[in-house]
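Shared between the two complexes below is chain A, which pairs with chain B and chain C, respectively.
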Partner chain A sequence: MNKSWQLVFCGLLSVLLALTYLLFDSGLDTEFILPNRLVKLLAMLTGGIAIACSTLCFQTITENRILTPAIMGYESVYLLWQALLVLLFGLNSPLLQDLQLNFVCSTLVLLGYSLLLQRWLFSRSLQDVWQMLWYGLVFSLVGSSLTQFFQYSSSPAEFSLLSQYSLASFQRAELNQTLFSALLTLLVASFIWRQRHQLDLLQLGALQAATLGVNRALLLRRQLALIAILVAISTSLLGPTAFFGILIANLSATFSRSQSHRHRLPLAALCAVLLFLLAQLLVEHLFNFKTSVGLLLQLCCGGYFFMFLIKHRQTS
Partner chain B sequence: MLKYLGLGAIFCLLCLASLLLGAKQFSLAQLWQSDPVAWLTLTSSRLPRLMALLLTGAGLAVCGVLMQQMLQNRFADPGTTGAIDAAKLGILLAMVLLPGAAVTVIMLVALLCCLASCLFFILLINKLQLRHRQLLPILGLMYGSVLSAIAELYAYQQQLLQSMQGLLLGDFSKVIAGQYELIYLILPLVLCSYWFAHHFTLLGMGQQLAGSLGLRYQQLVWLGLLLVATMVASSLMTVGAIPFVGLVIPQLVARHCGDHLAQSLPKIALSGAAFLISCDLLSRLLLYPYEIPIGLTASCVGALLLLSFLRTPA
Partner chain C sequence: MISVQGLTKRYGNRQVLQDLNVDFASGKLTALIGPNGAGKSSLLMCLARLLTADSGQILLSGQDIQAFSLPDYAKQVATLCQFQALQLQLKVGELVAFGRFPHSQGRLQRSDHLAIAQALDLLGLTPLQNAVLHELSGGQRQLAFMAMVVAQQTPYLLLDEPLNNLDLKHAVQLMQVLCHLRDQQQKTVIVVLHDLNMAANYADQVVAMQQGCIRHAGDVGQVMTATTLSELYQLPIQVLHTELGRFCHYFNQPEKLYAC
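What follows is the complex of A and B.
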């Protein structure tokens, strides 16, 4: 199939699913159901774009197809930060109640973490992705046991708030926050979109890219900052999505059979939205909210990932 | 020789400190005067705790080294191969499907789940033939996250999410006489692994070499898996999950004593025990008289050690 037709096809499919999601069993209730579902739809779009862009860029700059910013410790830092806020300031502090303020603060924290990671790792050896991965993994392990500790020592009300944060779902999407995140995501995504050709060049390898006039260090620094913002957006909007990014990045590569970001970025975002819609439809109508979107996604991501590895075992 | 004497003395001092320190203070003199309160504290809380620490530490470290030999990968341990998550899933299943079951039954279910999952993971890794060794823990964590997603899915529906939290983070404050005896299962298992130390050393050289040296590879892998699964299940049942022990301790010992398990296995077991005792002392002293779950202190200390290993490769 032609590449632009692929996009159109995926786009049509997502519009179709989105309409199904909006209208199915709604009784055309414009008071509550439709606005509520519209907000969730916007959250899916925003989250999809944010996760797709951040994972694709991260995979490009680390030259590895099985990484995602989520396992570099970003998500556990986010969860840790929320747990700390609950523990230090209590449930009623403005930092937790005011969603915008909370969002801005968490973004700043994640940016700080990303800066630290860069300073610490990229300064020494740009090549050693494995080393960096290990640092990230160790940080996430420690972060998750710290978070567990805070959850352990919190009251039931605090626990329910914290466990909301630790599972991905669209239930807590709220209009103002979603609009704000959507605008910010569009802004960041447009920055990334403008650098798509440089990212393409980066895929040729560090040396080639430098010969072709890419300032690699500058590009990496910018991209990591943008990725931190995107991860902050997606995590504060949906919760941790762990390996979901790997799934959609590889799906987009498989479908488009192309390495260029011009095709892969929109395709990955569409894939993400499609999967979100499917999972949400399943959760709302088949499982009757007895499960959460995050758990469903985690299950299918894990399954896909192992199949992917077995298929590509020579290259992994 | 002098070095070992010194290390032994430090180990004994750690044990003594673990016996004497705590929220209820007593001294050796009080024990000498056979003060009943001091003796009660000692026999019902401190001694069980010390035994649990010793056995869990030794067991987890040995589990780590067995896993590493079976997978021929230094980054394997029960935490990074999904074994702990599988055992958690088993405990949850037993709690829901067999309400009011005895502790031994629950442990048996956990053991079976753990065994099945480890077997599957080993088959998977053998099929994949990873080019990068460092990929294994990532795969294992991912596999573990799928398993724990299933467990959480189930717990979410049964409203058990918060009671599962107790299993997630190791904690020795629950260990008192009458509730921890399952942990003694680890002792014969560690001895058994030592009995087969030569075999497990050869196992780490791969199927072909081990086979040509006259080893029954399949049976030995089964034995190793059984040992690991039982030790993980019994430690999880009594104290909960403790990360990093199986990952850090074998690496630390291998740096000083090499890979021959007949020589290094006792050291691995003792270092594992010493590691947990020191972490436990730390978690009892940091917020005295309250205590921090050992899962947290062990993961912080373990992470620091691991990072220092990463900075200075052997």
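What follows is the complex of A and C.
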């Protein structure tokens, strides 16, 4: 299929699913159901764009197809932060109860973490992807075991709140923070979009890109800063999405058969939105909220990677 | 003209370039030769601004190359690196279009499309322009990268061992393309070569390096002599003059070169 038609097709499908999600079983209730669903829809769009852009750019600048910024310790820092809030201030603290305040604080914490990570780590070892992955995994492990440690010393009510935080969901999305996230994401995504040609060149390797006039050091610094903002937004808005970024990055590469960011960025974002919509529809109408979007997405990622492995075993 | 003045580079205690002074003449094809680890690639990387020297400077038409902005430098000097990314999901035409980036910033104009078509044509890749790179043979891929460098349309070309992976015919084809660029478009070409016969038969000038120093620099006839080459490579080499050109003969050595 032609690349532009792929986008049109995915776009139409998303619009169709979005309308279904908005209207199905809504009774056209403009008081509560429709506004509520519109906010969630906006959250899905924002999250989809943020995760797609951050993962694709991260994979491009690290020249690695199996990395996602989400597993570089961001998500465990997010969870650790929530656990610390519960432990230090208790369940009734405004830091936990006021979703807006919670959102702003966790975004700031994640931005701080990524600044630290970049200054301390990326300055010396961006050359070595494996070393970077190693550091990221170590931070993730330390973060999640500390979180578990705090969880075990918490009360059942606290424990259940913390477990909610550990899975992605759209239930936390509220109007103000979603609007704010959407605007910020659009702004960051437009910066990334303007650098799409330079990102394309990076796939030739750092040296060959430099001979074509790409200032790689400058590009990397800018991209890492933009990625940090996107990851902070998507994690604070939806919660941890783990391997979801890799899934949509891979899907977009498989469908478009191209590495060009002009095609892949919108395609990956649309894939993400489509999967979000499907998962949310299933959770609301098939499972009656007995499962969560995060679980469904993780199941989907797991299944995809399993198939991916089997397929590669057969071809190799 | 590219003029290298007092260029020095060291990695830790190892001095890879020791106070190099050499001029690369405009409109000539210069071959950089020498044994492994002589510093040929390091010198070329410095010329391409991919490596920063510890001291000394390089002048491009009299101007320090560090004074150029990176995008401006990419309009002056095109470089083909030694190792290319292998797993590229790119069509040949798309790769060659990357060569136009310094001029177009990714938004291709009519002049860019013309340059791409000419480069593809020169390398004989027009029938393959829609083929995906990782499905091509190593030689075809190398030619595609060469086409990208040609499409950059710079007055200076730097090539690091471009004949790697190429069979005889492709190698000769590539050297002919370099000669064509020199003759028809007055390009200055600097190329790292391991194949002495290619250097002896296609280059105008030869710069011979050894242990980070320049041992000889001059016209091909002056440098490609039996004594010079034998000393340079620490191997008895004869240079035969035949009707078709020079031939460097270093086969069937009586002396054993391995340890046991």
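Everything that follows uses one rule, which is that the second predicted complex is superposed on the first by the 299 of 316 C-alpha atoms of A that agree within 3 Å, B and C clash if a C-alpha of one lies under 4 Å from a C-alpha of the other, contacts with A are read in each partner's own complex, and residues count from 1 in each chain.
Note that a residue touches a chain if its C-beta (ideal position, glycine included) is under 8 Å from a C-beta of that chain, and two chains touch if they have at least 3 such contacts.
This is a predicted model, so every value here is computed, not measured.
In the superposed model, A:S260 lies in contact with chain C only, and not with chain B.
Of the two partner chains placed by superposition, only chain C is touched by A:R196; chain B is not.
More chain A residues lie in contact with B than with the other chain of the pair chain B and chain C. In the superposition on chain A, contact of A:N176 is made with neither chain B nor chain C. With both structures placed on the common chain, the touch criterion links A:T20 to neither chain B nor chain C.
Once the two complexes are laid over each other on the shared chain, residue contacts for A:L146 go to chain B alone; chain C is not touched.
By the touch criterion stated above, A:L207 is placed in contact with chain C alone, chain B being left untouched.
Overlaid on A, the two complexes show chain B and chain C touching no common residue of chain A.
Listed in rising order, the residues of chain B touching chain A in the complex are 79, 124, 127-132, 134-135, 137-139, 141-143, 145-146, 149-150, 152-153, 156-157, 161-162, 165, 168-169, 243-244, 292-293, 295-296, 299-300, 303, 306-307, 310. Across the interface of their complex, chain B is touched by residues 66, 71, 130-131, 133-135, 137-139, 141-142, 145-146, 148-149, 151-152, 156, 159, 163, 167, 242-243, 290-292, 295, 298-299, 302-303, 305-306, 309-310, 313, 316 of chain A.
By the touch criterion stated above, chain A contacts chain C in their complex at residues 63, 196-198, 200-201, 203-205, 207-208, 210-215, 253, 257-260. Put simply, chain C touches chain A in their complex at residues 48-50, 70-75, 77-79, 81, 83-85, 88-90, 94-95, 98-99, 101-102, 105-107, 152.
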